[in-house]
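Here chain A shows up in two complexes: once beside chain B, once beside chain C.
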Partner chain A sequence: MTLSSQGIKRILTGDSALPWLAPLLAMLVVFTIYPLIYNIWLSFHEYAPFRRRLEPVGTDNWQALFSDERFWDSLSVTFTYFGVVLIIQVVLGMAIALLLDSEQKGFGVLRALLTLTLVIPPAITGMMFLLIEDPEFGVLTWLLESLGILDGTQPILATGSTALMGVMLADIWQWTPFMVLIFLAGLRSLPPEPYEAAMLDGASSWQTFRRITLPLMGKVIAVAVLIRGIDLFRIFDYMFVMTSGGPGTSTYTLSLYAWQQTFSFIKWGYGATISLVSLILILVIANLFIWVARVRW
Partner chain B sequence: MSSVEYCGLSKSFGTVEVIRKLSLSVAEGEFAVLLGASGCGKTTLLRMTAGLETISEGDLLIGGRRMNDLHPRDRNIAMVFQNYALYPTMKVFDNIAFSLQINKMSPDAVRQRVEDAASILNLTEFLDRYPRELSGGQRQRVAMGRAMVRDAQLFLFDEPLSNLDAKLRAHMRVEIRQLHSRLGTTTIYVTHDQVEAMTMADKIVLMNAGRIEQVGVPDDLFDSPRTRFVADFIGTPSMNFVDGAIERDSGSLYFVAPGLRIPLAEQIAVNAAVTAGLRPTDLMIEDNGPLTGRVRLSEKTGADINLHIESECGAIIATVSRETQVGQGDTLRLGINPKKLHLFDHTRGLSLRNTRVA
Partner chain C sequence: MIVESQARRMTRTLAAYMVVALFVFPLYFWATTAFKNAKDIFNTPPTVWVFEPTLRNFEEVFGISLGFFRQQEVLPGGGNFFMAPRLWDSIVVALGSTLLSVIVATLAGYSLSRMDFRFRHLFVGWVLSTRMMPPVAVAIPMFFIYKDIGLLDTYTGIILIHAVMNLPLAVLLLKSFFDDIPRDIDECAMIDGASRWIIFRRIVLPMARGGVAATAVLCFIFSWTEFIFVLTLTQTGLKTVPVVSSSFVTSTGTAWGNMAALGVAATAPAFLFILLVQKQLVRGLTLGSLKE
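After this line comes the complex of A and B, so read on.
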């Protein structure tokens, strides 16, 4: 049966929103809801390599998490990475945004240049920083050794105490401009009047920033933190390219660990369980944050 | 409390000159009103005083001290903005207290001052609210409170009542005047509303196209306008203007226009091109008046009636008492008190003073 053009017209001009939502709903079901349900189902099963099939294991995977030291390690790495990088990106992003918030000539070009880092695929950025931090010819290694901060015996990415920082650098370099862009959009839409009033009230630049700009920017900052926070919590690509989680487990994040369990060790059920923990944590943290950071004015 | 002195002040935005070589002084404790139509430069002048706009040329002295290059925060000026410019993220208390807090005044002293100001302005019950939770009038009072708590040497008001309804406006006029008499702080007040200017000012500065047309006490501007612009601007309804000439007839001088002939004083030179100005309130219905006309429209304002009259020398408005029994289409004669006649040079619009009949 073919739908007559009259029929199509009737559906599209009717009151129901369903025909318009249907394509998106289909995508959502196929690519999000079904995988999520399958993932949950998978966390109660495990792949049996000899029998070549998934077998139910009850809550074994969930119980295993608690005694798995590597899981807790990866959780701690993820939280450290998430916290440090997020704070640096917010502070640095705001500082740069304030500097670039100017009508003077040339600043428009500077603002446009900022977007450049955002178009580079993260894996390529990872490769770039792998070279920058290379112990033999990396420019950063050379710089830090010249300044006497490194002594030449500790490659940045192969030393347990510095590897995570080495990876963080790539993230900060690539994604701080994203924060700058969001903050700039916020700053440039602020009303000028409170600033004039503050000037006449005798406020210094710092007092104006702290008492006027920061509260006015609350919602913008919250949105930026939320978007970046979620991204950071499921960080995978930089570690995958730069350190593969090493040395030891010092750069193993939850995502990387889930990937390893699933695809290297073929423990599909356990990998699914770890990724579900990651999802639950993101949901809890994000919603807590939204609840706490709801800026009221 | 300080005097303010503008010496040959100019301001240009690019090639557009909005203020031209303006000189003016406002005495200590005076309430000066800058009056003018939109775009006449009055707000720009105020913002230059505050330091929110740079001065292109000339000097600004406040309390005898040159202020041109001083940052706004160092000028010790309080300003009430047209849209109030309250701090949206602060409660009313902090809005008022902000200037005191950043100057490191002790919290007790701050509380005392804010509460005093709030009680004067009837804001006590709103101290814990955000600006967005207030009505226009309340926000306006918060803006005033913010200015009041400071020991500013100068108050600037930028059309602070223009967003309020008529009744509230009348009420706030009184409050601002009372505030001024209580604090005695030198005040410069910008408005386009002549009623505000007339009722509030010690001194009105009427501006037009970046220049001062006339400075004086309100009565001065109303009774002795120095230019046709001033005469036209001050007074509602506006002054009637009739083009005509001054003629000499057997030793006496007359203002002559089609259908009109009014005797004048001797002092004035015969002039072929003058404009006579007649305030609507100075015209009265008289059976043997010199001007004949037909009522086109009668407009009741409550207290009076404005008659729109089609006369031999053009459209004219006369304000008569509400008891007057005149209807649309009626023909009547209008009397003119020669003492109330204003005469202006036709080309330049300057007042030809001393033209009154003795």
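After this line comes the complex of A and C, so read on.
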């Protein structure tokens, strides 16, 4: 069956949106709806190693979640990572954006330099920070030791209390510029009038920021938080290359735990169940945020 | 806007340069590691500014002079460092998936921007929701589906999944670029008897050239840097650069120099691309929701 160009023309001539959307619909159904249904089916099955096949197990996988301490640990690591990194990136991003919001010569180059971190594959960023935080010859380790913050007996990424911070650092380095660029664009599109009025009234710069800039930037901040928040909640790459979740469960996120259950421990059904939990949480939280913050596309 | 005093201006400039230097430092350090000997890499305190430059790392990874004859050489410790084929895999996957997403998304973006139909808002919301799905929740079932239909470890399989991953971004972004072009233009052309397809092909698409290019660059970068799908859906047939970077960790230690060489070669082109789309970058990063 071949569609002649005449045929394509005839289909696309009418004012129906369907032919225009058909390729998109087909791809989304095959690659998101079908896997989703398959995943749900998988979560009610488990691989039986001796019989080498999937067998139905009812709701066992879902019930197992409640008594699985590693699952609850990974849930708490995911939320901690999400919350801490998001707050740091918003605050730091805003501070740097305010700093760079100037017409001075040379600042265009500075902004361009900040975009560079965005194109590095996160897995390679992870490797970069693995070297920087290396216990023997890492630059950061050396710096912190000469400042007396670390005493040389605790490798950053192999110590339970600091491993997560070590991973967060890679994320903060790579994605704070994301916030800076978005906030900068927001700051530059603000109307000048309120600022002139504030200056006449003798408002301090903190007051101006608190009462004028922040409220006017509401939408911009909401969009940035939404997009970054989604990525933070499903974080995987950094942990996979830097710590594999360890030491203990200190850097296990939901995504990493689900992946390892499926592919390292051959618990296909259980891994699928955990990935579904993460899917449900992210859809609920993100859509709730869109509704509350009235983000519109 | 507000006139700054000379002193404040100086402080601001100084602070700005220092902050940006802090962000650029890891890049500098990584890039120089690619040109260092093992002696300088494994030094304490770390060698930062002065070192003896070498091209050995690049030669081992890309085999510019030797690679043709030693492609499959396995180095002591069990690592195979010849990465030129992996770079090729990355290029094929990124170009293929970018082309596919951009074609599908221009059609969809145009109709979402121009045609009114029931549930349009719901549809846009659904497209956005697919952007929220955790990759792991797609990668796990896709592994079994691909295994059944034989797409595991193939270019087709990875190109398709990367294209789908980029579709929400591409559709929403292109819709926003089409929204910028006044609907009047379509209506005038329609009164003159032009069909939708002609309007799209001859008038609107050429006007949105810049937007299409920016979308393509972002799709390319996201496919180029993607990790979990390639990790899950390939075995030996193909591997892209991010996934293969862990193969420098061998039983005799990590070959940091070689890894950095691969990293530098793999990110340098992406740097150039992103500098080309600076103007549309913020719109792209926010899926078309914010305009600069």
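The criterion applied here is as follows: the second predicted complex is superposed on the first by the 284 of 297 C-alpha atoms of A that agree within 3 Å, B and C clash if a C-alpha of one lies under 4 Å from a C-alpha of the other, contacts with A are read in each partner's own complex, and residues count from 1 in each chain.
We adopt the following convention: contacts are C-beta pairs under 8 Å (C-beta built on N, C-alpha and C of every residue); 3 or more make two chains touch, one makes a residue touch a chain.
These figures come from a predicted structure and were not determined experimentally.
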So, after the overlay on chain A, do chain B and chain C clash or fit? They fit
Go through the superposed model and pick first if A:142 touches only chain B, second if only chain C, both, or neither. second
Touching A:218, do we find chain B (first), chain C (second), both, or neither? first
Name the contact category of A:197: first (chain B only), second (chain C only), both, or neither. first
Determine, for the superposed model, which of the two partners chain B and chain C contacts more residues of chain A. C
First (chain B), second (chain C), both or neither touched by A:188: second
Just chain B (first), just chain C (second), both, or neither: which does A:93 touch? neither
Mind working out whether A:279 is in touch with chain B, chain C, both or neither, as first, second, both or neither? second
Partner chain in contact with A:116 - chain B first, chain C second, else both or neither: second
Does chain B (first) or chain C (second) touch A:207, or do both, or does neither? first
Note down the smallest distance between any C-alpha of chain B and any C-alpha of chain C in the overlay, whole angstrom. 7
Per the definitions at the top, what is the overlap between the chain A residues touching chain B and those touching chain C? 199, 297
Within their complex, state which residues of chain C touch chain A. 1-2, 9, 12-13, 15-17, 19-20, 23-24, 26-27, 29-30, 33, 41-46, 48, 103-105, 107-108, 110-112, 115, 117, 123-145, 160-161, 163-164, 167, 171-172, 195-197, 200, 221, 224-228, 231-232, 241-243, 245-246, 248, 254, 256, 259-260, 263, 266-267, 270-271, 273-275, 278, 281-282, 285-290, 292
In their shared complex, at which residues does chain A touch chain B? 191, 193-194, 196-204, 207, 211-212, 215-216, 218, 297
How about chain A: which of its residues touch chain C in the complex? 8-9, 12-17, 20-21, 23-24, 27-28, 31-32, 34-36, 38-39, 42, 96, 99-100, 102, 104, 106-107, 110, 112-124, 127-132, 136-139, 142, 146, 173, 176-178, 181-182, 184-186, 188-189, 192, 195, 199, 219-220, 223-224, 227, 230, 233-234, 236-237, 240-241, 254-255, 258-259, 262-263, 268, 271-272, 275-276, 278-279, 282-283, 286-287, 295-297
Where on chain B is chain A touching in the complex? 50-52, 71-79, 81, 83-90, 98-99, 102-103, 130, 132, 146, 150
